[in-house]
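One structure, as structure tokens, below. Some questions next.
A, B, C and D label the chains in the order they appear, each numbered from 1.
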């Protein structure tokens, strides 16, 4: 039952993260929320695997732990490229 | 003796899981409450590190000596490795795009 | 319990979807799309469809974001205001939505044992998989053996999609000096992502191969593995830049993977016919039909994995090469 | 404080993979496979050997071994470092928790430069990630061995100036 409580806590935090993602105000706040949402998903999947007694399904959490980084790094590269293209490196 | 040990392990893992869930919640509240982007990162990193550590240690204790525990340990390791890296990428892309933090600057002493 | 989770997740899904549509900044939409994918995957997992959840995770967590961002780099990040024809669109959407909702009244409830799917072929698959295939994951058995024709079709869809993207983006073969631009240096001057990413890449590859070869026992299989391994290579090209990535896995190797994968699948089928069975009836390949089926499934899953991995990589590189070329002209 | 563009890192040398490094990495891969898999049938084990070798080949092709000797030299002392780090994380988590839950938010955002130039690439990475891992401090940028750190409290920034953590990682490296 403890796992039910833990998963509820994570779900509530996910709602808070979505609230931040929708509220903004800057793009970076949304990014932060999305990133946080990703790690919370990995946590939630691990907890649910225990809650439902399907410990062999932990692969999914492992996949997220390994892959989540790629999206954020792509964002960093995107910003870097855009700044390079606009010519104004590092603001001023 | 063994049963007694099992009960202690159970209690410890429950405490860890409860600490983990509290940390997750506080991090979520912090992300909503904090005033600007750079201070929100700190609240998010609370959920990234402390919560991950506590929740996964709790689950590893629940799993006991099994392959599930090994897999959980691997997940925890990778999350703790990628979490700060993702945060760095995030903070750096904000910094690169000229979103400057409002912060006092503490200069390093000159050697 | 499941119902509570599912309703909660679906509510969040609807909120996210509305937010995606509302936002006019396309970059924000892309980011919210990744939340959508995470929610979808969790939802599949809660509904006990771990194979589908893993597919969503493998594709949604890395590749979609990367490809969307490459597409954004080719266009603008702000949506063009377009208000004409809004009324017609609203009517069409409203009509379709009400039709779909009306259609759901006929559907059986979630988990209803009398539902047609549970009456027709499903019990046969559930009863016979262990006996005929010798492994427990029914999803893999259905995908690669009972419904092998459909999967072959899917592989060719992936193949066609890859060819289509390559034609549209007009990626030329070879890596002439035209592609060497200062833009594609990747994240060379970011120490932390460099070092951590370099450690991570081999483990992603190993995990991908693990998913590939454990499709018979747990969630996984060719589609997921192909996407995960492609993610590892994409991570590498983000870190080291386009050029280094193409040196490690040249374009010819990517296309070779797609073609070999699709051919491998087909050839196994043809081989079955030569050995005197039906197309994709693996049991004739060896003396013992159960072992023969297992071997056949491993081979065709490998084909699927290769095809998907190659297709994802070619699509990614087509986008990346295109954006390099465009800045060349702009600068 | 301005974000700066750092120089490109010197491109990693290929061929830095010694046979010993290759072997140790292969052992790590095989262990990972065995622990993940949990199915010890001959077919699956054979495929596992194939997978590990393929991964090793690809890792060699993709300059995985650029920092391997650095990492290998510190791997024995790493668990001890992790314990200290966990202690740090718990303390700073408690501090951040107090800040978040206080009825009135009291934060003093501070930026500080930390000098990690005496560390190698691996050491700098560990330093940056350790700083980010402990709540209340985040590494914003690494440039030529200087880390730009954003702190939630002035106290944390002062603590970073003491170089304790840099010395600890230096000890890990040697």
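Here, a contact is a pair of C-beta atoms (placed from the backbone, for glycine too) under 8 Å apart; a residue touches a chain by one contact, two chains touch by 3 or more.
Worth saying up front: this structure is predicted, and the values here are computed from it rather than measured.
S.K.: If you average the C-alpha positions per chain, which one ends up nearest the average over all of them?
M.R.: A
S.K.: With respect to inter-chain C-beta contacts, which pair, B-C or A-C, contains the greater number?
M.R.: Most C-beta pairs in contact, of the two: A-C.
S.K.: Rounded to a whole Å, what is the gap between the Cα centroids of chain B and chain C?
M.R.: Roughly 30 Å, centre to centre.
S.K.: Determine the centre-to-centre distance between chain A and chain D, using the mean Cα coordinates as centres, and give it in whole Å.
M.R.: Distance between chain centres: 20 Å.
S.K.: Approximately how many whole Å separate the CA-defined centres of chain A and chain B?
M.R.: Chain A and chain B have C-alpha centres separated by 13 Å.
S.K.: Residues of chain B that contact two or more other chains, please.
M.R.: 27, 29, 41, 48, 71, 74, 78, 81-85, 87-89, 92, 96, 98, 100 - these are the residues of chain B that touch more than one other chain.
S.K.: Give the residues of chain A that touch two or more other chains, as numbers and ranges in rising order.
M.R.: Where chain A meets two or more other chains at a single residue, that happens at 14-15, 31, 33, 38, 56, 59, 62, 66, 68-69, 73, 75-76, 78, 80, 82, 90-91.
S.K.: Identify all positions of chain C at which a residue touches two or more other chains, and write them in rising order.
M.R.: In chain C, 190, 192-193, 196-197, 199-200, 203, 207 touch at least two other chains.
S.K.: Provide the residue numbers of chain D that touch chain B in the complex, in ascending order.
M.R.: Contact set of chain D toward chain B: 1, 3, 32, 35-36, 38, 86, 89-90, 93, 96-97, 99-101, 105, 107-115, 128-130, 132-141, 148, 150, 152, 154, 157-158, 161.
S.K.: Inside the complex, what are the residues of chain A that reach chain C?
M.R.: Residue list for chain A touching chain C: 4, 7, 11, 14-15, 18, 21-22, 24, 27, 30-31, 33-34, 37-38, 41, 44-45, 48, 51-52, 54, 56-57, 59-60, 62-64, 66-71, 73-78, 80-82, 84-85.
S.K.: Going by the contact rule set out above, which residues of chain C touch chain D in the complex?
M.R.: 185, 188-192, 194-196, 198-199, 201-203, 205-207, 209-210, 212-214, 217, 236, 240, 248, 294, 298
S.K.: Would you mind writing out the residues of chain C in touch with chain B in their complex?
M.R.: 190, 192-193, 196-197, 199-200, 203
S.K.: Looking at the complex, which residues from chain D come into contact with chain C?
M.R.: For this pair, the touching residues of chain D are 5-9, 11, 25, 29, 32-33, 36-37, 39, 43-44, 47-48, 51-52, 54-56, 58-59, 61-64, 66-67, 71, 121-122, 124-125, 128-129, 139, 142.
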